[in-house]
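Several structures are given next for inspection.
Look for subunit A in each of the two complexes below; its partner is subunit B in the first and subunit C in the second.
For the complex of A and B:
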């Protein structure tokens, strides 16, 4: 395992982010006011905030723990459907939100269990299968989810009796994105974060050093899925429409791409990735299918030319070409 | 047994045979590529649909005879594979743990093709139907079967058989299998490893294309087939054992019958649930598969 010595620990670069954080928070909270004249652009900004939250959650799992779960959108979907169902049944949105997010967390922790046995490609494939099963379930249990037609006209939540205005909800989204990034920063700088990074670098070694690999992976899944769940719960009333297609495997891939393209294992890389990529599909409007082609090309570019993402730059191309430091469960690599 | 039940049974068997042989074809294509260059090709379903759509364009829009169109489609796959291999796949041959990179790469290709299909073919039609290879109907017992589907079945089985013979007896096949087993030892014995890699990539994709065009000749299809096929082929490969051609063949046939039977009594979604569940169990408890080499 020579790679361990060579791989630079990215955490030192991500410490001391007080100033960027202040700037990010200022921009996030100012954007809804600046764009309040143009509802459409404000809406795109709001969706970007949700994607920043999602990308931060995915970053915790992919960037810091070294797992690549392609079921992320499915978890967001579980939370979204649950919150929509509960609010339709008369619950307050603010009560349904933590319940739905917690449901996504628990589901994510359980569905993350295969990561204890499977590594690298095999875990990713497993998560892809889980994502497919979740999507199929959304379609199949149409009594709860209205099947392929989806649920439309989801109202914006109300607060103290009056429905929230678009501007107020935009601020809620901005707050959630900022809080998400702050939580990720706190985690990364804590003992928990360092142990997760140790697991990413070499989980066998981490286990031998006395780190409870099973427990920490589960914690990572719990927190990461919480991000997914909160994002999903906020997404449903904001868009006003959810269907199985809103949470299918392509969405998981898109969130993964935001992390990988921005720079995995850095705080701000995925934020930049989300800011650059999330608005694309809205700005392309009727040519929105071009987005798929563009995203696909970017995936290939990231894999071939820039494994470190924007934040990592192009320069470490050769050395890090091996992307995740994982060994497949059943086969040893041939040199 | 009443006549109706017999018809249902026979139609399930015939559908199972056709679906099974097509599943087996695609899964064999995927497993050849995974076994040799260690590339889990998630884009197999998109290649499958690409072949079917090219066949549709050639027969319906250009009026080419379906048999010639099928040959042309399979022929096109070869330069396409070599181009793809030259531009993308070749870069990773020496990277350890390249399967995850390849997997993500092929997911990128999947997304590109999904986008392209939805703003080209997706705008033209929802459902695609190719003209039959041959007309007429044969009675198997009380069940009428279109001659066209019988020909498709025969062709699929013939391709599978010749593929098996190629891998077992021909020297190219033996070289591919030698590289499957031990790349370094094969290189020492004078096998051109890189050439055998590109050959198996092209061969695997040609087989997937053949599966796609045969499926299109037997059934009408839509664009959603792609993802279902991708995940089904993966399920077959994982259960059969990655790299095991025999495993892909057997499990592919089993899946075809399962699909046909479960779709008759329940729904295709239940069939999908069942084999995805089987795949998860195999992944968790016997990741080397049932027919591991």
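For the complex of A and C:
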């Protein structure tokens, strides 16, 4: 009965994450130095880091809580516009960043309220409408956002009075991606993660076991939107230009695709998804007409052929192999 | 006088034009096993849904262990010590049995210690399946996991919705043995179509018919009640 006594340990899987995390952190921090000779490639890597952060936040909501928020990019946009506005008004970027991210969190928690009533596909549809409205709001309130023209020449933030170099900001982005993954890992292995997974699997049963489904869904939205917001705040000065199209539904879909393609509900799947898909739009820049077609095809392939994504695919295969043994053993035990 | 655990007064529930429950009164004492029988569609599951907070009643009141449950959410009701199972077995199929149990412990009213969990799992003869994915278990094993997940929360009342549904006759015998021992661990409310279960377990039986309480009394009396025989059991079965 030693197996049963271990029940209290909530994270038998935690041991397996140390090495990949160390490798990921090493690669993330080494990349800006390795690519420092090629500003373009370093830039692609930096954008990928932001997408790793975003994908981790989307993973918390989609992979672990079972909610597919297609207004994710809109939340990033709320933070981005706010940070750009505040820094233009003289705020320090490092003060504007938490304020903007918090605004995105609060907006995300409020915009996530329909998820308390709508399940699965219906919430996704609702979030699509919310995303559309947010994009329209970015266009409409042109006094704050400069409308469709967008805001350009956003400077890189300074630190201690001197503007950050490209390399220094790349390291900031790497740090944010690593911290994002670490936070997700901590959440997943905590009792909060256990509650969110229970809500994903069967929210009615979760409630029956005493889990406050409404409260924890809102907590998930708050944290997931925080990831969106921090990513949005870091994105604006890095690209140097934001417009409503920077945070439209296609961006939400891309982030979702990174999670779904990589493997929702796994820590590393969405990281792999972001690493594979974020640079794609740069590589395909000259073929931008086929880019959206390619994304569309990839979405169909993921839904039809690999619902568990790359990481989930391996997991499923292992399970399928194990299943017949399980069933045979149980039949024996019943007799 | 015995201690009243569940006190239901004039509970009614309508779904559009259909009256699923019509002014049900019911009292269950602590330690008393209450059986509920009735034909399909008579409102048994709706009754449990109302008590567990999944469905809001249109009228009436429910009090549990001296506290009103009116307006409470299912999770609050669960935390007050009232738990239930579902007609179709319900476990977190993608998670292992161990993870299922750990999930049940997270927000339990009174979480069992690891030793107590081990003891309950041994008693339910499910310990050897702790690392299996719950969805890969047999129906009988999933029913055992359901009970385990409830018992580690140390509930005061467990409402079982057809606990032997879909089980083989050999498994039904085992489950009746389990349920009769379960009576020593918490108070039981059981919905069943299998009269054998009701006869062997229940101290008191309530018969529902088209949303109304047709009869109430000890099993021997209810199962020989002419109205119950005519309208539910039928002569061949009785």
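Methods note: the second predicted complex is superposed on the first by the 297 of 335 C-alpha atoms of A that agree within 3 Å, B and C clash if a C-alpha of one lies under 4 Å from a C-alpha of the other, contacts with A are read in each partner's own complex, and residues count from 1 in each chain.
Rule of thumb we're sticking to: a contact is a pair of C-beta atoms (placed from the backbone, for glycine too) under 8 Å apart; a residue touches a chain by one contact, two chains touch by 3 or more.
Computed from a predicted structure; not experimentally measured.
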Partner chain in contact with A:304 - subunit B first, subunit C second, else both or neither: first
Touched partner set for A:217, first subunit B, second subunit C, both or neither: neither
Touched partner set for A:51, first subunit B, second subunit C, both or neither: neither
Touched partner set for A:121, first subunit B, second subunit C, both or neither: first
Partner, of subunit C and subunit B, that touches more residues belonging to subunit A: B
First (subunit B), second (subunit C), both or neither touched by A:264: neither
Interface residues of subunit A shared between complexes with subunit B and subunit C: 323, 326-327, 329-331, 333-334
Of all residues in subunit A, those that touch subunit B in their complex: 68, 114, 117-118, 120-122, 124-126, 128-130, 132-133, 136, 139-140, 249-250, 253, 287, 289-300, 303-304, 321-331, 333-335
Subunit C-touching residues of subunit A, taken from the complex the two chains share: 1, 3-8, 10, 191, 194-195, 197-198, 201-202, 204-214, 319, 323, 326-327, 329-331, 333-334
Residue ranges of subunit C in contact with subunit A within the complex: 52, 54, 73-75, 78-79, 83-84, 86, 90-95, 98-99, 101-109, 114-115, 117-118, 121-122, 125, 127-133, 136-138, 140-141, 149, 153, 171
In the complex with subunit A, residue positions of subunit B that touch it: 40, 42, 88, 91-92, 95-101, 103-105, 107-116, 118-119, 122, 182-184, 227, 231, 234-235, 238, 242, 269, 272-273, 276-277, 279-280, 283-284, 287-288
